[in-house]
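One chain, chain A, appears in both complexes that follow, with chain B as partner in the first and chain C in the second.
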Partner chain A sequence: MRITQGCFSFLPDLSDAQITAQVEYCLENGWAIGVEYTDDPHPRNTYWDMWGNPMFDLRDAKGVMMELDACRAAHPDAYIRLNAFDDTRGVESVKMSFIVNRPSEEPTIHMQRTDFEGRTQKYAWDVRR
Partner chain B sequence: MDDTTTIPPATVDLAARYEASGVAEVLRELDAELIGLEPVKTRIRETAALLLVDRARRDLGLVQETPTLHMSFTGNPGTGKTTVAQKMAGLLHRLGYVRKGHLVSVTRDDLVGQYIGHTAPKTREVLKKAMGGVLFIDEAYYLYKPDNERDYGQEAIEILLQVMENNRDDLVVIMAGYADRMDTFFAANPGFRSRIAHHIEFPDYSDGELMRIAEQMMAAQSYRLDDGAKAALAEYVELRRKQPHFANARSLRNALDRARLRQANRLFSESSGPLTAEALSTIQEPDIRASRVFRGGLDVDRPRQQGETP
Partner chain C sequence: MNELSNPQEITDKKKRYAAGVLKYAQMGYWDGDYEPKDTDVLALFRITPQEGVDPIEAAAAVAGESSTATWTVVWTDRLTACDSYRAKAYKVEPVPGTPGQYFCYVAYDLILFEEGSIANLTASIIGNVFSFKPLKAARLEDMRFPVAYVKTYKGPPTGLIVERERLDKFGKPLLGATTKPKLGLSGKNYGRVVYEGLKGGLDFMKDDENINSQPFMHWRDRFLYCMEAVNHATAVTGEVKGHYLNITAGTMEEMYRRAEFAKQLGSVIVMVDLIIGWTAIQSISEWCRQNDMILHMHRAGHGTYTRQKSHGISFRVIAKWLRLAGVDHLHCGTAVGKLEGDPLTVQGYYNVCRETRNEVDLPRGIFFEQDWGDIKKVMPVASGGIHAGQMHQLIDLFGDDVVLQFGGGTIGHPMGIQAGATANRVALEAMVLARNEGRDIRNEGPEILREAAKWCKPLEAALETWGNITFNYTPTDTSDFVPTATPAM
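Let's turn to the complex of A and B:
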C-alpha cells in the first residue's frame, strides 16, 4: 500500500532531477535540509532516524543529493524523506517534507476495530509486512 | 525541453557571447582593482577565452569534455591569491562552469579532524558547502605531513582527490601556498598534480606597485597620504622588504593601519580647536616615520631593551 505523507506523496515518485529542483527551492528560501530514514511508516511514528545532521549553509543542492545517495546506498529498502527547516521564527520549524525513497514492496497499514464499553468503538492501526 | 533535439546553429559569434556572458566586466574589474600581477591576469584571460571557446564548441555540437578547472596558486604571502580566487569564482560562475559562484575558503583546520573517524565527515561537510562554487584551500601543503604517517591529513587528501575527480562539474578546487612548499606537496602527492590543470604563479609586487596599492587602500577608507607621507612610505617599503616576514600587500596594510592609529593619537595630543575633514583624513610624514622599521627593527617586534644588540 502506497504511504501518503508529506508533500507530493500523491504524485508519482520524484526523479532525481525533480528532487534537486525542490531542494534548490528550499535553499533559495534559506531553509536547512535534513535527511531522515525509517522502516516504520506508521503515521504516528514522527521520529525517523537522522542521516547525519541537518545541513546548514549549503548553497547548492548537490550537497544534499550526495548525502541522499549515501543514505540510499546504506538503506535501499527504507523510507527516506527530506525535511526543510525554516528558522525565521527562532525555532527550526519544518516547512516542507517529502518522501524521496520507498521500499520496493511497501508494507500495508492495517486497521483494527474493537468494541468497547457500551457501543463505543476503538480503532488502532499497525504496519504489516 | 530536450537539448538533444535542437539543431545546432551553423555559426557562433564569439564577440557577442563575450559581451553577453559578463566576463568582460569581471576582467575589467580585475584590471581596475588588482594592481600589477600581469602574469596572473594573462593566465586568467587565457582561461576565460578557453572556456568561452569551449562553450561555443559545445553549442555547435562539437565534441567537448568538461575541462578540468582545478587550479593551484603559488606565491609569497600578501600577493593577492585569495582576492584573485574570489574573482575567479565570479568569473567561472558567469562562464557557467560553476552553478552558484560562491567561494568557500578553508585551511587544514577546517578539513582535518582531531581523532579517528572525525576527518571524513569534517571534510565532506566542507565539500558539501562548496558544491556549486569554488573551494579555496589556503596553505594546502599543511594537509600533508610527511614526518607523521598516521596524520589524518592523508585521509582528507584522499577524499579531496576523489571529489575532485568525480564531481568536476560541481566544484572547482583552488589550492594556494608558497611556491617551494607547494612543489614538495605536489611531488609527494602526484594525484594532485595530475588533477590540477592550471598552475598560476603570483609574483612579488614591485615598490611602485605597492605604492599604488597603498593609495588605493587609503582611498577606499577615505584617507589620503600627503607628499611627505608618500616619500616616507616609499622608504618604508624598501626597508621593510629587506626584513624577514615581508608579506607584500598585507605588510603594507598593517603598516597603514598602524599609521592611522598614530594619526589619531597625534590629532588628540596636538589639536585644541575644531578639526576639518581634511585634517581627519590626512596621514602625515611623522605618522609613518614613527615606525620601528626605520630604526632597524621589525614593526611587530617588541621594543629593544637598552643596551641590547640587534
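Let's turn to the complex of A and C:
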C-alpha cells in the first residue's frame, strides 16, 4: 500500500528537479532542512532516524540534494523524508515535510482489534511486510 | 456631517453629586483628551444615535452603561475611587460614507475585569448597552486587550503548531468534510461516510453542529462507529486521521461524559458549538488541556448577531474572545463559498486567530494593535459551499494554516465519497507544489488543476461537476475603509 504521509503523497513521486524546487522554497523562507529515514512508517513513529543534523547554515539546494543522494545510496529501500524546520518565535516546529524515497515494495499496516468494555474496541497497528 | 460637541465633566464635587439627572458626559464618561493606558481594555463601538441625540453624549452613555453608570446620580459613588471605575469614551468619529453612524472608542481600566473570565468581560462590555434607548443601534466592532489581561487566560488547549505535530501533518492546509446528510443516518451508515472520506485522502471528518443524540442515532453509537472508521482509515493510509466528535449536550455533566468516552476511544479531537456559552466553553477547554484533546469550535448561531453592520458584535471580536477562552479550531468563513464573508474582512478573522501580534489593518477591519502575549494560535476552518475548483483561491487567500472543509464537495462527487476526497487532496497538493515552485496560482490556478486532472480522474470529474459553481452575492459585513465593497470572488 502507498503510505500517504507528508505533503505530496497523492502526487506522482517527485523528480529530483521537483524536489530541488521545494528545497529552494524552504531555503528562501529561512527554514533548515533535515533528512530522515526509516523502515517503519507506523503513523505514530515520530522519530525517524536522522541523516545528520538539520542543515542550519546551508543556503544552496545542491547541498541538500547531495545529502539526500548519500542517504539514498546507504538506504535505498527505506522511506526518506525531508523536514523543514522554522525557528521563528511562535512556530519553532516543522513547517513542511515530504517523502522523497520509498521502498520498492511498501509494507502494509495491520490493525488489531481487541474487545474492551461493552462494545468498545482497543485498536493497535503494526507494520507488516 | 454634524459638528461634534465637546462637553466637559463637572469637576465641582458638590454640583456633580447633587441628586438628579446629569448628562453622561457631565458625569465623566467622556474625555476627549484621554490617552489610553497600555493596561486599559479598549473597545470600539459603531453607534447610531436616535434623532437629536448628540454623538458625544451617546458615546459617553455607552461608556457609562458598560461600566459604572446608572441613569441618575448616586452619592455612593463618593465612597469609591470612582474615576477608576468609569469607562472613558475618548474618541468619536463619523463612519466614512455612512451618515448617522459613529465610531466610538472607549477605554476601561483593568480593575473592571475579573481574571480569566469571558463571562465577566462580556457582562460588562455587552451587558446592558445594546438595549439602551437613546441608541437606535450599536455594534461592537473591535477590542484591544492589554497583555496583562491576556495572560490571565490559558488560551487554546493545543494550538495549531502542536496540533500539526500531533497529527504529523505539515506544509499544507488540512482537509476535512462534514458528514452528510446532517440528520437521519444511523450510526453504522454514518461511520461509512467517515471511513470513505478519510480513506480517500481527508485528514478529518466532522459531525455537524446539530448532530447530538437524536432518536435516529444515539451519541455512543456514533462515537463507536466513527472511531472504527477513523482507526481503519489510519491503517489503510498510514496517516493519523480524526473525526470531530460533537460533544455538545444539555448539561456540562453530559458533555464531560461524552468527552470522556471520546477520550477512551482514542479520538484526537472533540467538538462543541458556540451556543453552549462562554463558561461552558472555558470549562471544556480546561478539560481538553488536561486530556491532550484538540477542541474544535463550530460557530453555530453567530450569524444572528455578527452579520448586520449596524447592530450586534463583529465576528473579529468573537474570534478574540474565543482565542482567549481557548479553542483550537474555529470556523472563520471561506469568502468564496456559500456563507457570508467579504474576503478582506474574513482575512482579518484569520489574522486574529493566527498572528502572534495584530497590527492595525483597517481594510481588514482590525482597528487596534493586539499583542497576544505568546498565547497559542487557533487553526481557522473554512467550511461551507467550497469545492476543488476553488483550491487556488482558497490557498491564495488563507495560506497553509487552515482546515479546508469540503462537505458536499466530497460526498456529492459523482464517482463516490472516496473519489471526492481524492479529488480534493490531489487538487490541494498540486496547488501547494505549484505555489512553492513559484507559480502564480491566483492566475494559473485553473490551468494547474486541469494539468492534475489529466492523470486524476476523480479531479477531472469534480471540475466537470462544480468547476463553474460560484456564489456571487454582495456581502453585508464589509470594511468601511475601502472605496467600494470587495466583490465576492
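Just so we're on the same page, the second predicted complex is superposed on the first by the 126 of 129 C-alpha atoms of A that agree within 3 Å, B and C clash if a C-alpha of one lies under 4 Å from a C-alpha of the other, contacts with A are read in each partner's own complex, and residues count from 1 in each chain.
Definition applied: a contact is a pair of C-beta atoms (placed from the backbone, for glycine too) under 8 Å apart; a residue touches a chain by one contact, two chains touch by 3 or more.
For clarity, every value in this text was computed on a predicted model and none was experimentally measured.
Placing chain B and chain C on a common chain A by superposition gives a fit, with no clash between them. Contact with chain B, but none with chain C, is seen for A:58 once the two complexes are overlaid on the shared chain. In the superposition on chain A, contact is made by A:94 with chain C only, not with chain B. Looking at the shared chain after the overlay, A:67 reaches chain B, while chain C stays out of its contact range. In the superposition on chain A, A:15 makes contact with neither chain B nor chain C. Once the two complexes are laid over each other on the shared chain, residue contacts for A:114 go to neither chain B nor chain C.
In the superposition on chain A, A:104 makes contact with neither chain B nor chain C.
Once the two complexes are laid on top of each other via chain A, the angle at chain A between chain B and chain C, using C-alpha centres, comes to 100°, given in steps of 10. Nowhere in the superposition do the C-alpha atoms of chain B and chain C come closer than 13 Å. The part of chain B that touches chain A in the complex is made up of residues 99-100, 102, 121, 124, 127-129, 131-133, 167, 170. In the complex of the two chains, the chain C residues touching chain A come out as 161, 164-165, 168, 170-172, 201, 224, 227-228, 231-232, 234-240, 264-266, 356, 374, 377, 422, 425-426, 429-430, 432-433, 436-438, 452, 455. Those residues of chain A whose C-beta lies close enough to touch chain C in the complex are 1, 3-5, 7-12, 14, 18, 21-22, 25, 41-44, 46, 83-84, 89-98, 109-111, 119-123, 125. Every residue of chain A that touches chain B in the complex is listed here, in rising order: 52, 55, 57-64, 66-67.
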